[in-house]
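Take a look at these structures.
The two complexes that follow have chain A in common; it is paired with chain B in the first and with chain C in the second.
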Partner chain A sequence: MNPAATILRRASNGDMKHDSTPSPPVLNELTHRREFLKRLAVIAGSTALLAEMPWWSPLRAAPPGDSPADRVRVGLVGVGSRGNLHLTNLLRTPGVEIAALCDDYDPHLQAGLAKVPGAKGFSEYRKMLDMPGLDGVVIATPLNLHAQMCLDAFSAGKHVFCEKSLAYTIEECQAIANAYRGSKKVFQIGHQRLFHPPYLRALEFARRGEIGDIKQIRAYWHRNGNWRNPCPSPELEHRLNWRLYRAYSCGLMTELASHHIQVANWFLEAHPLSVVGYGSINFWKDGRELYDNVNLVYRYPNGVHVIFDSLISNRFYGAEVQIMGPKGTIEGETGRLFAEKPPPAPGIVQLINSLEHGLFETIPIGGPSWVPDLKKDTKGIVLGNEHTGDDGSYLEIVAFANAIRRNEPIPNMMEQACLSGVAVLMGQTAMEQGREVTWPSDFKV
Partner chain B sequence: MVLPGVNAVTGEGLADFADTHLRSQERLMSRFNPNSPVSELNRCGANEAFAPPPALWKILWQCREHWQRTRGAFDITQWPLNRLWREHLERGEPPSDDAINETRARTGMERMRFDASSRTIKFEAAGQGIDLGGFGKGYALEQLAVCFRERGVARAFFSFGESSVTVIGSHPHGPTWPVGIANMFHPETSVHSFSLRDASLSTSGTAPFNQTGGPQTFGHIINPRDGRPIAGYRTMSVTVPNAADAEVLSTALLVTAEADRAEILKTYPNVSAIEFVYESRGNDFAPRIQWRYET
Partner chain C sequence: MKNIIIPGRRIARELLILIGCVVIALVVNIYAILKYKTEWKELVTTLHITIVLGVIIYIALGIVRLILAGAARLFRRKVG
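So, the complex of A and B:
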């Protein structure tokens, strides 16, 4: 058992159950969370963990007290659905002050301000960046706005948390990476799986060789719904449903595939060399421009392929990342490991052992209880029973706040952001142009 | 499944065959599969005639014969009672006498009418149903052993979840297959050893642990004669040539009073059986032989 995982389980110890209760007293909840983060800090300091997941290093810090000197002042740009989740998590993070909220859609802004009465409201993010005393910004806006906002925030001397996917074009990804390199500021990307404990365990099992060398990854994300936000009037359609229109987004690729491709890059320790794929609109023919189903094959080094498909007209299979090796399969989203050859029941092992050694001995095997001994491992090993009640979206915010307080960059984050950010844009181009798209050889993280 | 002296290619082929065979048996007999003929039968109302497929008719007819031969101790219609007890004990209280009696009115193979001419079955009461869990494993294993023998397999050891073991021939280094009955509380040790040759062994009992090693909330076997679970931690292990017979007898003997067991065994030749009772000794439980039978 990996000590990190053990302590993580101990750290979680039930107190995060509060996530599902509607409105626990904030102070009590913060006390609970401080306790949780204090225990988490112990494991985040483990060298074994940090060797594999250096981006956990900000979580080594014990949670701050209430002193103003410890306070990190953050502004949030984009108070839509994802922005609201970040807002909730920022409110739960010890030592964070939400100093400003910004949204050019006033109903979202007002709803956000109602939750954070002390925050200053802005409709233009540049004005927010001019606000004195702001340490960092959290960007949760449509994809096409990410790059300019990141660049402006870095040049205003702010630390940056940017929602995935990184940017709208490969050139923009490069520009953000360049600006970051010169900034000495913290950068965090919203790839929450990097902070999700079952993925931590999955990585541990994979690196330990439990499934053998990874030979294929099959990932899929299936939903059944039109993927629309309610829209009070037609002229707001593009602003509120930007995920459906090409001028703002790459749809399923940037909004869903980016997570799974990030996991693939992480587990394979590589970026894709090229990609081919097809996409179409075959169900939601409602005027949208972006595909409602995509099917892609990414080629990685050593002949390994990553297959991704997504559709929003059938949800039977849900979402999964299946990481396959000759000895087993890891299912990342549900946190399970399936052995190709599960160990047989102990009695059978003993019997085979005695046969092989020419022994004629009694094996204690008969009993009233049922011992499953299946040819195929259908149940698997549960990798993530650390019930933190968090899919990593909370810890990624805590890591961001801690990194700002410690004024230390979060290692590897920009790399993770670029590799998946570029890969999904390659995929979109491959589908739109009907050709194989190769990794941009001049790209520099 | 252990096949000594069989090469890998032949072994894989036999394993695939066993897999296919057992899955088709499960499709036929599982009450958890809503599309199985057993589930169809269980959905029938009172006096609704159901014509099972021939393979299931054969199984049900055999179950009826075992029910008669065991004088009602083996009964495939008991699971509404099991469910009643399980649900109550998981809440921490036994069911009331009224609830037991009400449920008993929906159990018992005497309320399951077989029409041999039309090959149809009717339940007399609404809410009746069958569960082949205590028979199906043995039946499937027996058929599998027959097929393997036909394919020339001279030695084999089948363990169906350890509670049912069937062997073909003998151990490669001895005249029989020595199979131990594991101590429920110390499974690495045997409390008794059977010498099996072309025979089957089945163990039934009230286990203290569930499948994952946690404490068992309800591991009891219901006595069809009074609708109540048998008391204490006990196991009944039976060896007999036929795997289905072994399965039937391990449960039937367990719920039958010692004095009445010999009568049942008159109709089953070549049986060896042993019953253990586990008695509390400080922090541990010690096995004691409660009853033994040799043909």
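So, the complex of A and C:
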């Protein structure tokens, strides 16, 4: 069985190429998307798929019709960089009406309203929550605001899509989980890898035992840039560059590491037991408070470790999650599998190589008796050929909208949000306090 | 300009030699499959390699034939 890959290959069938065109929705595009979602719904109903990835269940829903009853009315809080991507995806999702936009930074709000002329603009999110007829909210604000906004949204009876990472403190993560349990509302977290084809395929290969039991995960996210947004005046510095300041964020941990730690939790089907790590500001000494490089080791059950590092002063290695077992390695970001013992070359190629070595290779006499353990120079196997043009950010919005329409929670989503949310906060504490931080035993998802 | 005429028999002979070379390459492939215990489907999947190998053998044979023909002509001229 090949659930994820089959779904995306059969369902996309070229339609999703429209994802690469960042334009407002047109009738033609929405028609294409309806067709895509229709095919997706048929295949997403497979029992095998849902057993492995229960959060795909809302995608079983047939695409909505044009009747007002099918419409889902959402409000978007935070129209910054990530918020804008959600705005684009919401506009492309059939049956979604963006009823309201909220941002306390007026240029962002006005830019958003220009894209959605019919939406009502707000500078205070509580007023937006009071708006009648609003079904759900998408929260794409600085990390320190997530918890209060989620709690208020649940209190107001709204469904919630919250950008990762879940919250600023472990206590806030717990509060959100508690509020969700009592709300019977839909919750979706912005961990798009849960809907990203290469990862789904990678999971399938891992579960099938292609790499053996996972023994280590090494993840890294390297960039070369100051990670700043343009700032028109100094007093806006903290508001626009909140990712650099501790009062608003945990920087690399909550903004980048959370994605990879979520993948680790998902593949290992566990949360970390403890973490140690170091972080520092060793390059961008520009007044920022949060580390520009972090190095952590997470300890998981059965002696498995997850190693994460991130820096923003060198981008040579980019971002990758390397999932390693005794039989092979999966690289999730590029979607490749590298077998420890790749299948042999065809016999005739081996014969030619053997003759070539016999004729031209020099025989070392008294030379080194070992081979350096350099990286294996193999290209590996591509995990699927789904060219949906989507990194999961679109499908997670579709799943959110469908779940609201069906009024059924997205299974396992709060668990994923909490496990990664808490883990990255543990990492930040470990680095700041220079000690091993253990999983909070009283934490309940 | 002098016209070079290649008789039909010559072309047919060269074609036969080329086919013979490809058959030799095919035999080499069978030997390789047996030696390295790989799959028999490689007879089809590596057909392109077999054909290239056949052409290489044909070219190598052509060089040997040219040398032999040159030597024979030189010998005949000396004897004559």
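In this section, the second predicted complex is superposed on the first by the 405 of 445 C-alpha atoms of A that agree within 3 Å, B and C clash if a C-alpha of one lies under 4 Å from a C-alpha of the other, contacts with A are read in each partner's own complex, and residues count from 1 in each chain.
One rule holds in what follows: contacts are C-beta pairs under 8 Å (C-beta built on N, C-alpha and C of every residue); 3 or more make two chains touch, one makes a residue touch a chain.
These numbers were taken from a predicted model, which means no experiment stands behind them.
Applying the stated contact rule after C-alpha superposition, one finds that A:355 touches chain B and leaves chain C untouched.
Of the two partner chains placed around the shared chain by superposition, neither chain B nor chain C is touched by A:48. Look at A:247: by the touch rule set out above, it reaches neither chain B nor chain C.
Once the two complexes are overlaid on the shared chain, A:231 sits clear of chain B and of chain C alike. Counting contacts as defined above, chain A residues 346-348, 351-352 meet chain B in one complex and chain C in the other. In the complex of the two chains, the chain B residues touching chain A come out as 2, 4, 15, 19, 157, 159, 161-163, 165, 171-174, 178-184, 187-190, 193-194, 201-207, 209-211, 235, 237. Across the interface of their complex, chain A is touched by residues 28-29, 31-38, 42, 45-46, 49-50, 53 of chain C.
Interface of chain A with chain C (complex): residues 344, 346-352. Residue ranges on chain A touching chain B, taken from their complex, read 345-348, 351-352, 355, 358-373, 375.
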